[in-house]
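Presented sequentially are two complexes of chain A, the first with chain B as partner and the second with chain C.
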Partner chain A sequence: MAEATATFDVRRTGTAGVVDIRGDVTAGSEDVLMKAYESAGDVTAVILNFTGLSYMNSGGIGLLVTLLVRARRRSQQLLAYGLSEHYSQIFELTRLDEAIGIHDTEQDALAAAGAA
Partner chain B sequence: MAALSSTFRRLRRRTAAGAGLPTPEDRAQPVPGDEATPVDIAPNDPLLAYLQSASGAVDVEALELDSPALAELKAAGVKLAVPLVSQGELIGVLNLGPRRSEQEYSSDDRKLLDNLAAQAAPALRVGQLVRQQQAEARTRQRFEQELEVARLIQQNFLPKQLPELSGWQVAACYQPAREVGGDFYDVIPLTDGQVGFVIGDVTDKGVPAALVMAATRSVLRASAQRLIEPGAVLERVNEHLCPDMPAKMFVTCLYGVLDPDTGHFRFANAGHDLPYVKTALGSVELRARGMPLGLMTGMKYEERETLLAPGDSLLLHSDGIVEAHDPQGQMFGFPRLKEAVARYPGGGELIDLVLADLHAHTGPDAEQEDDITMVVLQREPARGDSPNGKVAGELLIEFEVPSAQGNERMALERVAATVGPLGLEPARLRRLETAVAEATMNAMEHGNSYRADRPVTVRVYAETGRIRVEVADLGGARSAPDQAEVPDLEAKLAGLQRPRGWGLFLIKNMVDEARETGDGEHHTVELVMHLEPESTQGADDDDT
Partner chain C sequence: MTNSSNDKPAAAGRDEANWAKMVSRLKVSQVPEGAMNLNVDGRQLTSPIQGFGKMWQKTYVVRLPSERVAPTELIATWRKDFGDFWPPGNHFYAPLTGIEPGEVALLNMKVPGMKLSTGVMVLYADEESFTLMTPQGHMFAGWITFSAAQQDDATVVQAQVLMRASDPIFELALVMGGHRQEDQFWIQTLGNVAAHFGHPDATVDTKVVCVDRKRQWSRWRNVWHSSAIRSAIYMAEAPIRGARSLTHRTGA
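For the complex of A and B:
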């Protein structure tokens, strides 16, 4: 298995869990991301903060799909903010933007999740 | 002893009453009445040795030998056997029955017979030789006629002229061996300006091979128009040929479709000698797996694709070249042909130079062993290229990336640093970076199995108005196996597709042009980004 190249710190904000992503999101990030997700506990929404993202590849996109499946199973919303223009385009291309609410700021995301 | 025995057997029909020089009529229609039953003498029968060394007429009844032929002669009523010996070789026997007077043969009779035998033997020998020569001449004539028929069939089915393709030079040569082998080639115009190229070889020689070649060519032409895809075409041809293929015959055949506009050459190979491509970096073999045609039904033919860049030459050839022997029995061989392709210019010149090498190898007086066939496709060098076709754009950098997790970042960063000064706008640079990273990941994982000793090679070219990046692995796989289907998020969320499998999709959508090529040794993904974005949304390139 590849080394984890990203950190995922979880903050609880209202009824949402905010995951601060730093570094590279690749297939190798799976364990760390899933641990972070579990540690968010019983939340209504999970918000991914991509402002610290330096690189994401197709493996990372696959990881987001896995995360999306789990969140849906628990009836949790999945939202994101802080994506660069490049990764926003990739979200559009893969239609992840239709399943993950994309926002400019954390406030927007929290408001959309009804967790502010 | 076999020659003697056959000669002897022919003469065994001369009987006591009918001894003498054989005539053709005797053979065709035995004279009834006096004609005794022929006696067969086996080659190992001791009677042969006895007669060969006998000094004169042999009294058959008195002779005691463990010989089936002797027993038969006795049973047939033969009294005397007079050996006909010419130059120490037994060429026949005069078999005599009882005298009409029913008296024994006297010593005068025997002397007379011995004298007769001594005179008849050389005359008989001459007669035998004349007849043998006539038979050989007839066989030769039949053979020559057959060769002529084979040659006519063969030549009638070869293209009368080669196509004129803009930006391409097509040359071919076909030199039949005296015994006309089963080589053939063909050029088939297809829809959308594409052109099919065929080279093949039927086992066997002469008329049978020529007929199978004609059938193969016809079926191939018909299938090529309907199916286009080379693998499917060969599959269809194989199904058609199998039921009627004569025993122990089959056809090796390479079929490729050239798109003259792009230089893409898609091909499939039914066990034929691998073609060579002369590129700026040397010559490479084009590999694709497949069984010869006509052996077994249900065969599948792997399909591959390569890109013939400006200046590249493709050589299709038959085994008459590599299997030609020198006087010491040494074959010309594949390595030598591969090297010739790398060293010589392409087009018709390549054919002439290979033929010259071949003749130097076999020697001036050697008879050509097998048909020699070559077809060369040369893409003319692009304007601005050096005239020898060595440069297709400027190679800015070439580097290797060890196949290990995460190393795609290394490729991405080096390409970004190289391309930086060329003025690609930042958003488009990021897209190229992503495509390079994804292509490198696929190459490391699917092509090189993440083996450290199998690095990925990355080349960056600056071409007129565009940047071209090649990412090559050593796997030769056509594409990443888990990315054959178009990823669909809904399907993935519903568990119908795996969460992963986005790589190829991203590659295709990130750059202006993306295509995969394979030469059997390397699998290469080619990424093209125009320096100026195209006015239309042309990111979706379905070329691959």
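For the complex of A and C:
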């Protein structure tokens, strides 16, 4: 329903794909996020970099659940770093943190994924 | 584009007030008269990740002429009178403060053969959308987002569910007609919203996507919290509670 207002740039680091998120993540971001995910290709882990996140609503949280399902289907880990305290709490509240590993830095996330 | 570990989170606090504050377990602050308060107090929230069944995304949409109602006006009305738009026989006991982030509401639902008691927490609410999230034992694990947005000359009203059945019994119930019943519930609700704004004959479009066909068998133990089983036991015990109450009164 909503238009995409976020960008998702993908870079390869070791065996992981790092997705740099910038802007507002809402339900309208679905197509661009999924395209970014597909462009990461054959990786063992997908790491979401939230340092450039401006805003995320519940539609955006829903997208992450969908992304998690896709990653699990391919036996890929899904990790995140750079979340503000506020969004870290949202991950905890919605219990996404039980399935998406949250880390402080990209190095930590890469190490946890065994992709450093 | 390069990023380093020195990047600071840029997320501003512009939406902090729209989200519920962190809670580990739910607490019903007030029980409205006539409401059955079971299966909510002390329960944890459940996202689709914690559910059992296949994961579904169901979207129900109705379009209204934008001159009739603006998205913000529609959402304000929907938040204020949320339960009034539900099909008859089902009760949404809104908190006194209304649909506000972090508030917990009791639901007494009409299901075949019984009244089921459960609840929801308001996870997110702003001027154009709000999201309700389910606790352990609810029919499904997940959330439902209600939104309205301007598109061309229409106000597009949407309810979108992202869910898994909570446990094997609810999964079976969904397969045995529960999906159809749920679709009818939200189609009727959106129809009632449209009628409220002067469009009783508006068509509600439904889109159903199976996001994950796999069932999470490791979650079968969720059945322990089942609101259906616990509501049924509560109803079955009603005569015993009545007799005890009578005995106490007689003895006093």
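Keep this in mind: the second predicted complex is superposed on the first by the 115 of 116 C-alpha atoms of A that agree within 3 Å, B and C clash if a C-alpha of one lies under 4 Å from a C-alpha of the other, contacts with A are read in each partner's own complex, and residues count from 1 in each chain.
In the analysis below, contacts are C-beta pairs under 8 Å (C-beta built on N, C-alpha and C of every residue); 3 or more make two chains touch, one makes a residue touch a chain.
Please read these numbers as outputs of a predicted model, since none were measured by experiment.
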Superposed partners chain B and chain C on chain A - clash or fit: clash
Which superposed partner A:Leu96 touches (first chain B, second chain C, both, neither): both
Which of chain B and chain C A:Asp31 touches, first, second, both or neither: neither
Partner chain in contact with A:Leu68 - chain B first, chain C second, else both or neither: both
Touched partner set for A:Thr5, first chain B, second chain C, both or neither: first
Winner by number of chain A residues touched, once chain B and chain C are compared: C
First, second, both or neither for A:Tyr55, with chain B first and chain C second: both
Shared chain A contacts, counted only where both chain B and chain C touch the same residue: 2, 27, 55, 57-59, 62, 65-66, 68-69, 85-86, 89-90, 93-96, 98-99
Chain B - residues contacting chain A, complex: 405-406, 408-409, 412, 427, 430-431, 434, 437-438, 441, 487, 489, 492-493, 495, 498-503, 505-506, 509
Footprint of chain C on chain A - complex, ascending: 1-2, 9, 11, 18, 20, 27, 49-59, 62, 65-66, 68-69, 73, 81-87, 89-90, 92-96, 98-99, 104-108
Interfacial residue positions of chain C with respect to chain A in the complex: 1-5, 7-16, 18-23, 44-50, 55, 57, 61, 123-124, 126, 129, 131, 133, 143, 145, 147, 149, 151, 156, 158, 160, 162, 211-212
Chain A residues within the chain B interface of the complex: 2-3, 5, 24, 26-28, 55, 57-59, 61-63, 65-66, 68-69, 72, 85-86, 89-90, 93-96, 98-99
